[in-house]
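Presented sequentially are two complexes of subunit A, the first with subunit B as partner and the second with subunit C.
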Partner chain A sequence: MTFTLYNDVLDAECYKVRLLAALLGLSPRIAAVEAHPGAGHRAADFLALNPAGTLPVAAAGDLVLSGAPAILVWMAAAHDVTDRWYPRDPGPMAQVQAWLETASALAATAGALRREALLEHPAPSGAAQSAEALLRRMELHLLLQGMGGRGWLVGTHPTVADIACFADVALAPDAGIALDPYPALHAWTLRLRALPDFLEMPGIAPLHALVDPLTGHR
Partner chain B sequence: MSRDHAVNDWYPVADTVRPGARATRLLDTDLQVAWDGAAAAVTDAAGTAHPVQIRYGHVWTCLGAAPRALFEISEAEEPGRRLVPCGRVRVRCSPLRAVENFLDIAHFPFVHKGILGAEPQTEVFPYAVKIREEVDEVWATQVRFHQPQAAKSAGGATEIRYEYRVPHPMAAVLYKTCPPRPEAWDVIAIFVQPVSETECIAWPWMALYDDESSHAEMVQFQQEIFVQDRSILENQLPVRLPLDPRMEIPTRADLTSIAYRRWLKRRGATYGAMTEAQ
Partner chain C sequence: MTPCPVALSRDLPPGGVKRVFARGRELALWRGASGQVAAWDNRCPHRGMRLSHGFVRGDRLACLYHGWQYGTDGTCAHIPAHPELCPPATIRATGCDAAEAGGVIWVAPEGYAAPPELPRGLVALRSLTFRCDAARLARICGLEAAPVLYLPDHPSLVILPNPLPGGQVEAHVLTAPLPAADRVAAVHLTEALRRAAEAEETA
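Moving on, here comes the complex of A and B:
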């Protein structure tokens, strides 16, 4: 079943949905919303769909979902027959939930700093320190995961948690936050960018260097 | 001083899409800009009001005592064209670097992969560049490039013809084959607001023939392209644009850039530039 994604190309939250859709082989119909400069997300027709006036929104028939976490979970639960992107075991399922909360905290700090750097929307005070604390916590977690032979936030296969956290980490340099102090985090972003059918976005370049010259594959 | 030359040009400080007020900075000077949907006012911290004109979907101001005329884009008046201000993108780079990047064709297949270019069709075919003395503008003509999706209105891959025009040190206008109307040119411009010598705000603007795309689709198409350039611009060194030919070795594909730099130097438009090897 396909769906319509109400999308802003510069918005990291919308990118999370586009990225997971690409990785799952889904092709949502894209409805462009001119959030900037026209404030299309505050227009009456959009508010009728999502009274909160936030992007992204996914509409599949009568089902209308807003916010990247809900849409990611729905896409994985509805379309991933392997149950790997959204694990059903209680432990991993709850861990994914915890990382979705971290992703929201990243969006409110690193993501807000990016919007400030790019579009001059003021970020909350203390956002830089909070973003760095989150990045350090992810760095330590991924370091320990790696020592245990697990390359992802939860277990040995990427989940919606990785997708939700990836966008604001990979876009952090847009906000002037360098990833150099976080080698495990940087390696994790490269692993994610090397996944088959990975989708880039402005600010996240493709991985030229990792294309195998013999096979053409990453 | 380089700023003394720059103050007599007009610069965009707001768009006219929605009424509002904004605090901003131009040539290191803090400004308040107000636009009420009909008229605009620009004042500095001392309360001095600066002249204003509304052109090409933007509020323009000039801080100097002897303003040079703002360039003409005659296509803005043509009936049937859709005028599309694309918002603003702040970039930590020299305003001149932002213009130079807009003039560069060779980066298309790498930075705008799948849209304005694609490997392996990376060749920049020979084109003509000159400074048109009668209007004192840099022009690049007979530019051709293979593009997978040249515009929102382009159905598929096409060979696109381009002309580039630099009528102002911090603005450039691109005339480009219009997919639904082969006899006309689409117009895409970049107006750059110099915040300081090392920071700028780009205000892309378009005047297109397109009967199919929604306004949001056209804006987003252009925003995606501009933000793809942003991280590259922020990582260019030196931050200010070098005008001394000994500092960088250009290739044939860089003809427009060479002419642009030479024109800036000749004009004395060196705000945001390095004039000697340092």
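Moving on, here comes the complex of A and C:
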């Protein structure tokens, strides 16, 4: 089953959905919404679809979903026959939920700082300190995961939690947040960028772009 | 002077490149496919782009801007816009001495100096950055500032401090070989040290 994604190319929340769709081999129909400067998410026809006026929105027949966390969970639950991207075991499933909440907190801090840097939308005060606290927590968790032989936020296979948290971490340099102090986090972003069918966005390069066109070597 | 500990070896795998600081000097630290480490001033001789944004191909570091490639000795080896040209030897990245010892990458910004002697058999635990200076980090460990901090209350831990610009300090933490549960406890101990040091900073 295919669906329509209301999408803005520069929006990190929309990127989360495009990225998971690419990794799952899905090809949603893309309906472009120019949030800036066009304010397309404030237009009457878009507000009729999502009265909150937020991106992204996914529409599959009568089902209309808004917000990256809900759309990620739906895509994985509906389209991943392996059940790995959204685990069904109660423990891991709840851990995924906790990281989805962290991803939203990252969007509200690091993501807000990026919008401030790119679009001059003021970020809330204290966003930089809150973003640092979140990045430090992720660094600690990924360090401990690595010591236990697990490379991802939950378990040994990437989940929707990794996708949800990846966007604002990888875009943090655009927000003026250096990732130098977080080696485990940096290694995790490289692992994610190395996944087959990884999708880039402006500000996030794929690793395969670095393959030498002459030799085929990285 | 003592060289600066800038990274744990295991955090710079072959093909890796990262930005580091050695006594205020900003460097691009990278490792070629054959394992050799180099530390260069973080600007491309061509247009000044940060080389730490670049990428490694084989044993060359390529600048992200125009793809100029430099070999481990710093000389420019390839200019993609002029593929037939043999670049003159005067085009070169300037570097510092870089060496690996004890699972740590050491950079000597003032010319070659031997890394400090460390007990044998230490294992890398982690690197983390403190929002305080090196003196406060040492004090929170119960010590005077020094190139190597042997924690009196935690004899299996060794901290190598490296001051960063902006009054921060990164701590490269090594431990004696420990069982897995004790390594986890050591990680939490480093978090507690940082909380204590930064609480003192804001007090």
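The working rule: the second predicted complex is superposed on the first by the 207 of 218 C-alpha atoms of A that agree within 3 Å, B and C clash if a C-alpha of one lies under 4 Å from a C-alpha of the other, contacts with A are read in each partner's own complex, and residues count from 1 in each chain.
Heads up, the rule we're going with is that contacts are C-beta pairs under 8 Å (C-beta built on N, C-alpha and C of every residue); 3 or more make two chains touch, one makes a residue touch a chain.
Nothing here was measured: the structure is a model prediction, and the numbers come from that model.
In the superposed model, A:Ala117 makes contact with subunit B only, not with subunit C. In the superposition on chain A, A:Gly203 makes contact with subunit B only, while subunit C stays out of contact range. When the two complexes are overlaid on their common chain A, residue A:Leu140 makes contact with subunit C while staying clear of subunit B.
Touch criterion met: A:Ala39 reaches subunit B, while subunit C stays clear of it.
In the superposed model, A:Asp80 lies in contact with neither subunit B nor subunit C. When the two complexes are overlaid on their common chain A, residue A:Pro181 makes contact with subunit C while staying clear of subunit B. Looking at the superposition, the partner that touches the larger set of subunit A residues, subunit B or subunit C, turns out to be B.
Touch criterion not met for A:Asp162: it reaches neither subunit B nor subunit C.
Here subunit A touches subunit B in the complex through residues 7-10, 32-34, 36-40, 117-120, 173-174, 176, 202-203, 205-206, 208, going by the rule given at the top. Considering their complex, residues 15, 17-18, 22, 85-90, 92, 110-111, 113, 214-217, 219-220, 223-228, 230-231 of subunit B touch subunit A. Only residues 139-140, 143-144, 147-148, 178, 180-181, 183-184, 186-187, 210, 212, 217-218 of subunit A touch subunit C when the two sit together in their complex.
Contacts from subunit C toward subunit A in the complex involve residues 7-8, 11, 15, 18-20, 55-58, 126-129, 170, 180, 183-184, 187, 191.
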